[in-house]
Structure formats: C-alpha cells, structure tokens
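Labels run A, B, C, D and E following the written order; every chain starts at residue 1.
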Amino acid sequence: MVSVATMRMSEQAAAGVALQTGVASGEARDPNSPDTAVRNGNAVPVKASVENFSFYYGDFKALKSISMPVHEKRVTALIGPSGCGKSTLLRTFNRMHDLYPGNRYEGTIRLHPDNTNLLDPAVDPIEVRMRIGMVFQKPNPFPKSIYENVAYGLRIRGERNRSVIDDRVREALRGAALWSEVEHRLHDPATALSGGQQQRLCIARCLATQPEVLLFDEPTSALDPIATASIEELIHELRDKVTILIVTHNMQQAARVSDYTAYMYLGELMEFGETNQIFVNPKRKETEDYITGRFG
Amino acid sequence: QSMVKIDGSSTVFPVTEAVAEDFQSSKKGEVKVTVGISGTGGGFKKFCRGEIDIADASRPILKKEMEACSQAGIKYVELPVAFDALTVVANPKNAFIKQLSVEQLKKMWEPGAQGTITSWKQVDPSFPDAPLKLFGAGSDSGTFDYFTEAIVGKAKASRGDYTASEDDNVLVQGVSRDVNAIGYFGYAYYAENQGKLKAVPIVNKEGKPVQPGAAAVLDGSYNPLSRPIFIYVAEKSLEKAEVRDFVTYYLKNASKLATEVKYVPLPAKAYEIALDHVNKKKLGTVFGGEAEIGVTIEALLAREAKL
Amino acid sequence: MSGTWCGVDIAKLIKKNGMKAEDIPLIRKIIRRNKRLELLFAVAGFAALLVGVLTFVALFAQMAWAGWERITPEFFTNFPSRRAGQAGILSAWVGSLLVMLVTAVSAVPLGVAAGVYLEEYAPKNLLTDIIEINVTNLAGVPSIVYGLLALGVFVYTFGFGQSILSAGLTLGLLILPVVIVATRESIRSIPLHIREAAYGLGATRWQVTRDHIVPYSLPGIMTGVIIGMSRAIGETAPIITIGALTFIAFLPESPVGPEFPWVNFEWLKSGFTVMPIQMFNWTSRPEEAFQQNAAAAGFILVLMTLAMNAVSIWIRYHVRKDIKW
Amino acid sequence: MQETNSGGAASLVPYGPLSVSDRLAKKVLRNFKERVIELLLLGAAFVSVLTTVGIIWVLVSESVNFFDNVPIWSFLTDTMWTPLFAEPRYGILPLLAGTLTTSAVALVVAIPLGTTIAIYLSEFARPAVREVVKPFLELLGGIPTIVYGYFALMVVIPLLQLLMPELSGFNMLGAGIVMGIAIIPYVSSLAEDAMRAVPMSMREGSYAMGATRLQTAFRVVFPAALSGILSAYILGISRAVGETMIVAVAAGMQPNFTVNPLEPAQTISAYIVQVALGDLPHGSIGYQSIFAAGLSLMLMTLALNLVGHVVRRRYREAY
Amino acid sequence: MVSVATMRMSEQAAAGVALQTGVASGEARDPNSPDTAVRNGNAVPVKASVENFSFYYGDFKALKSISMPVHEKRVTALIGPSGCGKSTLLRTFNRMHDLYPGNRYEGTIRLHPDNTNLLDPAVDPIEVRMRIGMVFQKPNPFPKSIYENVAYGLRIRGERNRSVIDDRVREALRGAALWSEVEHRLHDPATALSGGQQQRLCIARCLATQPEVLLFDEPTSALDPIATASIEELIHELRDKVTILIVTHNMQQAARVSDYTAYMYLGELMEFGETNQIFVNPKRKETEDYITGRFG
C-alpha cells in the first residue's frame, strides 16, 4: 500500500504540531531545580526529578528511597525483575495509587519547570493526571467509538466545540500512527480493533490532551511481535516531542527504545544511566547479571 | 370528579358490587364507585372516621360504633337491603348428619370446645367416632359475629382451632374435600356450590328442622340463622347528588340484583319505606346498638315503619 | 487391609514400580465404578431439573386450560363485573401498570445511586458497613413485613391512604435491595483497567461514574430492575396488607393532563386494583365461572412476568454481549 | 519533607474495595460539585437504612402497645392464638410452629432439589442446556405466589389425598411442598452462581488427577463454593419463613399448636394477611397483634441474616 | 536450621522409594514403538511420542503437525514466544482440552510401554489423566487441608485405608520437599501456604498417585525468585524418577532444568534437540534469534 507510506509522512508532520508539549526552554525556571542530568555530563534538561521517594502499600514498603531524574523529551526505561516495583514507581507519576486506600507516599517528585511536587497532598491528583498521561499494559479502550475514545480527554476538560474536537482527534490519531487505519471508521466501537491498534488508540487518547509526560507500563507485553514493532516505532517517533517513561520486562526493548535506563531490584534503584552505558558497561555486578540473563 | 366510596362487609359486597356496576354503566362512567371489603367492623370504623360515604354491614351498628360515629359528628341513615341465610354445610358424602340443633352447634363451636370436642361422637352419641373438622368465617367478619351470637350466645365467642378464612371459597374447598367437615358461610356460596356441598337443616325455635332457602327466610322459619343485611349512608354524603343517586338506584334495583347474586330480597314495601327514609333523611338505627338474632322480615318492617 | 476397592488393591496398584500394560484393566475398573456413580447423579440431576420445569409447565398449562376461553379482547377492555362472562381486567392491568410506574420511578434512581455509592464512593467505614449489612438484610425481609411498614407509615402516618402511591412506594422499597445488588454486581464486572484509564486522563470521580461506570453497567442494572419488577408485579400480600382489596370499575385520572405542564398527579392518590388482587378476588367468588376468570387473569399475569423476564434475559445475552473489554 | 496519605489506616487489600481514597476527594473548589453528588448518592444509599429503621419503628411502636395489654411471657408461652375472639389468647407458639413446620417441609424439598439442580447445571449440563434451562428456572421464581397458592390447593393437595386419603383438605404438607418448589430457583440460581464462580483452574486441578465430574463437583467445587451455597440456603430459608400467600391459601389458617405436617395450621405471615383481609380498625389490639406477629417474623429473618453473615465470613471462598 | 538440612537427606531417600515410576528397563516392549530418541544417537527410551499431531480450537489451528519424542525420565522443555502453542501441546497430554467444547485433535500421541494412543476417542480421558499428572501455572490447591489435597488422588481412586493414605501423603510431601515445612500443620488449609509452598503442594498432589508423566505449565511464573529456585531444585531431583514435560517462557530456566528442548513458533515445532545443542548450537536461525533475545 503506497498510500499508507506517503500518508505516514504527513501524519508525522501533523503530529509534530500537535505535540508541542512542555514549555519553551527560554522560560523562567526555579533556580534550585536540577536543570541537568545528575549522572551525565550532557546538558539535557530535567522534566521531573524523583527525590528520596519511598512508597508503601499499607505496611509493605514497595519502593525504598528512590532518587533519579527524568530527562525532558527523552525516553527513560525502568527495568528489573518481576515485583521489583517498576509499575509502582511509574504509577506514582500520575497518582494512580490515590485510587486505592492504604497507599502512602514519602519524599518528593518534582515536575519542572514549575517545580510542583506531584505528591504534595495540596496538589490535586486530577491536575497531575491532566498533565501526565498513562498507557497501560493491557490495551484498555473504553467500550465506546474510536472517536469518543480519543475525544474523551477533551470532553472531561470541558471542550464542547465540535470542530476543535474533530481536529484534535485527527491530530492525535495521526500522532499515534493510527489515522489511516481508522479514518473511515471513526464511529466503530474501539473494541473491534486489533490489540496493537487498541494500544495505539490508547496512546492517541493520551496524545489528544497533549500531556507533558507519557507513562507506558509494559505497553507491548500483551501484543504480538508485529504490533510490538509498531508501538516501538511510535515511541521512537514521539521521543523528541514528549517526555516518556516506560516500564518493560524485555531488555531488548529497553535497549531499542530508551535513552536512559533505570535498573531496579526489590524496591531499590540499583543503577541509573544512559542506556548505552547500562547495557554495555554496567557499573554494578547485579545489573550485569540481570541484563545478561544470568538471573531473573 | 364525583365519587362514591363504599367499604365494609364481605357479605353485602356482592349486592353492592352489582349495584355499583350497573349504576356506573347507567351513568356512563361519570361517577366512580369503589367498593372495598373490610368486613363489617372495618367498614364502620372507616365510616365513623368519615372516610367513606356508605358502609356495608351484615349486622346492625353496635353501641361502640354508634359512639364513635356520634363523637365524629357522623349521622347516618340505616337501610336494610336484603336477607341472608347463614348456611351450615357438610360434605355431601356425609351420611350421618340429617339435621343439627342450635345446642349441637354450640357444643361444637363454643370456646370451651377448643381441644376437647374433637370427635363427632362427642357432639351427639348417635354420631360415629369420626374426627370433627371445622371451617368457618374469619374472626373479623360480621358473619362470624352473627354466627357466634346466634349459636354460642355471645358475639365473637368461638373456639379457635378451626380453619378460618375470609375467603369463603377456601371454606367451600375445605368442606367439599373432607367427609367429616362442617362449616358455615353465607347462603350465596352454598347456592353456587350445591353440587359440592350439602346444606344442613337447622332445628328452629319451633323445633322444626328447616333447610335454608328463599321461602324459609321469607316466612321466618329459617331461624335463628337468617339475618338482614344493611347499608349505612352518611348524612353528609347524602348531600352529594351522586351519593343520593346511587342510594336511590340501589333501593330501586336491590330486589332484582339481590336475587341475581343469590340473596333473598326484601318485600317491595320494605324498599319503599327505605327510599322514604332516604328522602326524609330519617337518621339513626332501629336496633339500639344491640346485637339481635332472628329478626324476621315482618319485625324488621314494623320497626322501620316506626322510625 | 481394606485397601481394596471394587476388587482392586489400590495401594498395590499405585505402589508398584510404575505402570505396566496389564495395570490398565485395573485402572479401568476403578473408572467404571466412578462413572457409574456419576451416571446415577446425572440422572438424579436431570430428574430434579424436570421437577422444576414440569411444575412450571403444569402450572402454566392448568391456567391456560382453565382460562383459555375467557381470553378475548374484551377481557382486557372490560371492568370487573359480577357477571363472570363480562368481567375483565381493565382496571387491574392499568392499575398494575401505574403501580409499577411508581415502583420503577422510586426504586431505580435510588437503587442505582445507592449501588454506585457503595461501589464507587463508599470509604471503608462503619457507616458503609452498616449500609451494606442492611441491604443484604433487607433482601431477606418477607414482603408481608413491607406491607406492615406501608400500613403504618404510608397509609396512616403519611396519610397516603390505599392509593397507587402507597402501593408503588411499598413495592419500590421491596425491590430496592434487588436493584442495589444488581447495580453493584454489574459495576463490579467493569474491569479495573477501564476505570484506571479514565482516571488516568484526569477524570473526576463523578465523570468516571457518569461517563463509564453507569453506562457500562446499564444492561446489568436493567436486568436487575426488570427481575425486581417482575417480582413486584406478582406481589399480593403487601398490597392486601395496605387494604387494597376493592371493587374498582373505573380508571384513575390520566397521568397526561390536557394543559401545561401536561402531567397530572391526581392518579397517584387514586384507589386501584392490580392483577394479583383481581385474581385473588375472583378466586373467592362463589360462582364457578369466576374461577375461569381467575385462571385467565393468572395466565396473563404469568405471561406478563414471563415477558419481563424474557426482556431481561434478552438484555443479558444480547445487549451485554455488545460491551466487550 | 514527609507526606502521608490521609487514607492512612493500613488496609492491605490489594486493589481492594474500589473506593477512591479521601485524598482524591480533598480538593475544594472544583470538587464542590463532586461533594454534593457524593452526598446525594450517600443519601440514596441511606434510604435502605431508613427503610429498616421504618420497619423496626412501625413494628416496635405498635408492638409496645400490644405488650402493654399482653404480658410478653404469655405471648411466648401460651399455646393458643385467638386474638380476635371474645376471650382472646395471645400465644405465638401455634403460629411459630406452623411457620417452622411449613418452612421445614419447603426446605426438605427445595434444598436437595435446588442443590442437585445447581450442581447439575454448573458441572454437568452442556452450556447450551444451561443457557436455556436457567432462565426457565428463574421464571419459576417469578410466578406470583398467589398462583402457587391455588396450585397447591387445587392440584397438589388433591394429588396428595389420592396417596393419603386421610389427609385433610388443607395441610402444611401440600403448602410446604409447593412453597419448596417456589423457592427452588432462589436456591439453585444462587448456588449455581457460587459454583460457577469457582475458578476453572480449581476444576482443572481435579480433572487432571483423573477425577470424574461427580468427584470434582462434590469434592472440589462444592466445598470451594460453600459460602455462596450456604448463603443461597439461608436466603431460601428466609423466603420460606416469610412466604405468605401459599400458606394463606393452602395451609388451613388454623392456629394449631402442632408440628405434624399432615395437619392444617397457620403461619405468622398467614395470620397477618388474614387479619389484613378483614382490615382491623387502626389502634385496636387486634391491629396491634399483627405488628407483634410481624415483629416476631422480622426477628426470625434478622436472626437468619445474621447467621448468614457469620457463615459468609466463616466460609468465605478461599480460592 | 540444622535439622532441616538433615531432614532433607532422609526425605530424599524416602522420595527415592516413592518415585520409582516408569517401567523397569528389562520388561517386554512393543517392538514397533520407537525405543530410542529419534534425533539423538544415545539410547534413552521414549515414554511418549507425538506423531503428526495437530490441534484446533474450533476453526483455529493452534498446533500444526507436530512430531516429537518425550524421553523417559528426562526433562523436556517447551519454549517459544507467547501464543505459539506451548500450553496447548502440554495440555493435550492429559486431555485437558476435552473439558471445553469445540476442541479437536488430529494425529496421535502414543504412550509407551503399552502403546496407547492418548487421543483415541475410545481411550477414556480419565484414564489418561490418572496416568499423567499436571502442575499448573498458578498454584491451584483445593480449598481443603494440606493433607486432603495430597490425599485427593487416592480418594478418588477409592482408597479408604487411613494408614495407607497417611503413608502416601507423607511420601509425596517428602518427594515434593515440603514435608518438613508442613509436617506439623497437615490439617491447616492449603490456601494458608505461600505461593511457592502451594506450588510444591500441587506437585506433591500429583506425586501421591505416582503418575508416569508429569506436566508443568510455567510452574514458576507466578512465584518469586526464591520459590522459583526451590521448584527448579525439585524438578532436578524428580528428573530421574519420572518423565517431565515443562513449558517455560524463561530461557534461563529451560537451560537450567531440561535435558531436551523443543522450540515452537506459531503452532509449529521449529526445532527439537538436546538442550545443550539447542542453546549452544541451534540448527535454525529463528531458534537462535529467539534464544539470544533478538526477538520476542
């Protein structure tokens, strides 16, 4: 299909417009905020910084005093054996844990440039979630039409203007590389899509509201290899438009898509660094064991 | 919208219902008539609270009820509308009951009989030693009041271990299924189920066993179990045209409709007197609040005429 | 040693050094024995099922048989009458309809709201526990007790009298637990990840409830409501208790008024009769012919509940299937 | 800087009761509407509590007047119930005996049949059969009980009389049997749901051992679903205890102090409806007596529900 | 805990007695049955042979003409990407698919020494299951006591003798290396055990009836690393007492525990061979790609 290929080009152009998230770099910044990556010399701005963060499920301490930066318009991967707390950390970023009783935060996660502490009880979790989108492990479209799925974020923000919504839905679907596939059936139920398409729809749903950070929790683990490839490609395309944090249990995937990698083990952050460094030259023995598959 | 509210005796219900039905169709649905079944006692209670226009009653109003009414300032016209013969029925296969006297009935039904009189033989030595199965009206009905008054001598004095039902068909079923059963209810239920039941002749004051029936009621020989039935109309309600129309219609058609639903109509004279009472608003009761048994049609007429 | 069973020494069989071709007959013997019992139960199960189904068929057939002749168009358009041949169920079915309307209007919003509260909002505390235990408890309270409640509260304390309003509210309370439980169950079947997706986009609790929870659980709620209503429509005891055994040969005022605002609430105060009461009334008539009417009314009543159940089954199997996660 | 979630009370339920912690609810302005809605919903949930309060208030306040006239002791011990007669006696025992006997008969029918049907449908019947039969059974539960009442009186009791010619035309046996059939669907449907809810992995574990369907059903699925099945039984019992029209029509309305199911008797509920049919004057002792009877009935079902609660706690599904 | 260590020794001794499954090598054999491994020169007897086996879920052909041997008293691992049909093949061995309507078999699976075709409609699936035990992905103990769980197989075979059952329960629990942990609480509910203990209990449940073949479907995927290690150790100990077939998505695990490995892809058997050979020197490019993590 030749048309699809050419379409892709224009989609990306459109997505580029749609995805100017974050702030222009010239804006005023809190002088105290760590502007650059701590461990790396290169001056990539920091979008969020986790500081001394611990998390409790009731009495169970699932995360232990984690500190790490999340670089702006970069992909950061969280890896580690099952149960190490990757999802827990990720879900903290949009306060998903607030939905269940008994969960407790300690420490700070600062969102730059405005330096808001995401975990401050005075900060409305709904506000946090409006700024930070999340894509889940299992594609979870609403049982509504494709169009309504993408429009939902706009609707709850009070957008009523039909033509604005139309535009944003189109842009988001282009951004998620799904437009050409669903263009002519926007009003079909979303559940009729294939798994991979559903996952891209969920990404489009997030993109429509132009979040500053996108969280992915093992977004491909429920998908077949072809769908996986398409999602990975999409992450590639999004990487320089939005800050991305991705959990994966697939080392190869982490290596393929991320710029930075954090290796976690039993609730602790064992190592954080540029992906190249972590995979080629890990500083710690445990990281190496895990990456080479000697353990896990 | 004009409305006539009636409640009370289940015995009177069939007559009133028939009147209500025909009256409504004669008025082409412009007047709504509701006929409730609350039993005579229940009906008077509502009547004396002013909730209804007309009370159906299978016995005359009692002292207590009269007081309640006068306290609430409710005055009323008492109108006899038909006669009913309380019928004692047995199973048609029952061979030994030829007739029963009031004494025998009392033996079966008086409160002291509860738990002790359980065999027919105890009622009369000539009867076989078969279990005695009793069926009767529910304790909140005028039928029950009248039967206990007439047989036991005191209203509501009855043994409790019998099958009591407000639904007389249940009683019909019960008696028709059990050879040793005996029961009592209004004549209409017997008349409609003659195939399944046999009416027991009752030995009257004159010592003669009498089968219930229109003739025996009219000539007064079926005693003490025949009784007049009434409607009571509130004075205030009579001011409403629809109620007045309804009552007039009632009295003009009662004779025909009572026969139709298997009751014994009063002589035409009686309805004329009643109509006159309505028109002249002659208030009050001729019974003085006493439970009375064995009132014949003539006696009734005489009393009514005096009012 | 009693280790043998239908002639097989099981211990030896299992203890032996593994399986040999000649052990298979022994295994088969055990299996045959096990299967005989199984067959026996299957037969018993089927018989039990038949008892249920045949009772239903017998009941239904008996009424159909007895009442068939009376089921004519006039039967639906005639008022009750002392003449069995002319008596119809007009006031009864209209009454049932209006009472059900009040029941639905009172029970559905309350029940759904309560179910939503308990599933989506309720914090874990004493109050919620009390409400929850209470709902389970109410589901087991006999309907006659609701009748007493209605008699004491609606009829006398509130002074609604023996009206459509009293009856409808009584039955509404009666099916409230059914609606609540159906709502909760239906909500519970919505996967967590759908909720998380909505919250993840920044929706508030009410937005999640309004846009997702309620719409997706609607088919389940509907089923519950209809099942509750089909129970309510046949309830006799509580309606008798409020004293509604009445000869009614007229229709209540029309709920639709001739002028603005085009609704009319007079009918709520009207006296009424309903299908089971009409049936009960006819069965207690002396004339044999009324038994036919009673059977015909019973047949139609069962048909009404059948139809309602059929709708709920249809929703369960068709509408619900359209919602996939 | 330390922040603690105010939902603090440590509950370890993972993804537990689906409530949003109060932290989410704390925000003020935008959440004003949210608060109002929440309160409205809470109000709706509270209606059920009000219903219970209403029931208890009505029953107790009328019963208090009743017990002013009738010593509670004689209410509980007298063996005669003739409240509307000239010499009234107010012993609840005959009604209680009638209630318990008819319920017992009903349960002897409903529990074995209901359980067998549940097991059969859940473990034996093909899905197609189940899909057809289950709604059918549910219909059985939807038939008005008044219809069952006349079915008992006109069909079942005459049949029983063919077997036992001595049997009286009204009896607890016939009423109880039909009542049992009427509550089969409650038992079978709920018990089947409980068994369906047992995860397939549990069955697979059993089948993989070489068990037959029967063995799997009785040794694994049944015990695993025990709490749900017991709840189904308890619901069945409370239905039987409170059932009115069937016993009112077919059991004989005769307050006999007997537990012989061949005898006619009256149940608490049947007494209430009998009196209601006569419409006793508001305020009379007879009127109060139906509330006292209703209170006894309510206490019985309350006790049953408590038992059910304990049972559910005790045998909660462990899978 | 010194006592545990010494206990282990005696447990193993006892288990040795309990687990003499399979046939003595001297016994008569069907001359037609493939006595030895097809692809390997060494003379390991074959316990079961899959011949031209295809499987359908309704219309969907999940397994395509698979042929492979299962060697006696060896561990055979089934590996392959998610959805390739590993579980489907495994579950065929004890006719689990019979429990659900619409499933169809084609081809043969022969069980030796008696040469029964497991898939023959004339063969009772119950019989097959009595001979072949299965351990599932998620531990699924029955909601009964520990003791009753293990005794279950005996009870459904009609064993009544209490002392026989006692003995066999003890032996099975020792065989599953669980005895010392539960010895004093045999009558506690099985659900009170930890995940790893539950899984060992499920193994004991199978061992109690001494099946000829044991099937494991990702037995450790629901377990933490420590429990995983204990199950792996157990498989190690069982390997020369019973024929084992294990599905795993963890390559390291396959390498650690198995003697033979079958690599499946999209319902086909891509490669079968000794584990060493498959991991060190795979014959096919696809296998290598999968094993080295380049794909999946």
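Assume contacts are C-beta pairs under 8 Å (C-beta built on N, C-alpha and C of every residue); 3 or more make two chains touch, one makes a residue touch a chain.
Just so you know, these numbers come straight off a predicted model, no measurement behind them.
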item	value
Common touching chains of chain C and chain B	D
Chain of greatest Cα-centre distance to chain D	A
B-D or C-D - the one linked by more C-beta pairs in contact	C-D
Chain A and chain E: spacing of chain centres that average the CA atoms, whole Å	40
Centroid distance [mean C-alpha coordinates] between chain C and chain A, Å	47
Centre distance in Å when chain B and chain E are each reduced to the mean of their C-alpha atoms	86
Of all residues in chain C, the ones touching two or more other chains	31, 34-35, 123-124, 195, 204, 243, 245, 280, 283
For chain E, residues contacting two or more additional chains	126-127, 130-131, 156-157, 209
Chain D residues counted as touching two or more neighbouring chains	9, 11, 15-21, 24, 30, 154, 210, 212, 215, 277, 279, 282
In the complex with chain C, residue positions of chain E that touch it	20-24, 27, 113-114, 116, 124, 126-127, 130-131, 154, 156-161, 164, 168, 209-210, 212
Residue numbers on chain E that touch chain A, as the complex places them	81, 83, 224-225, 250-252, 293-296
Interfacial residue positions of chain C with respect to chain D in the complex	31, 34-35, 37-38, 41-42, 44-46, 48-49, 51-53, 55-56, 58-59, 62-63, 109-111, 113-114, 116-124, 130-131, 133-149, 151-153, 156, 173, 176-177, 180, 188, 192, 195, 204-206, 227, 230-231, 233-237, 240-241, 243, 245, 275-276, 279-280, 283, 294, 298, 301-302, 305-306, 308-310, 313, 317
Chain E-facing residues of chain D, complex	126-127, 199, 201-212, 215, 219-220, 223-224, 317-319
Footprint of chain C on chain B - complex, ascending	1, 7, 13-14, 17-18, 20-21, 24, 29, 32-38, 166-170, 172, 188-189, 191-193, 260-262
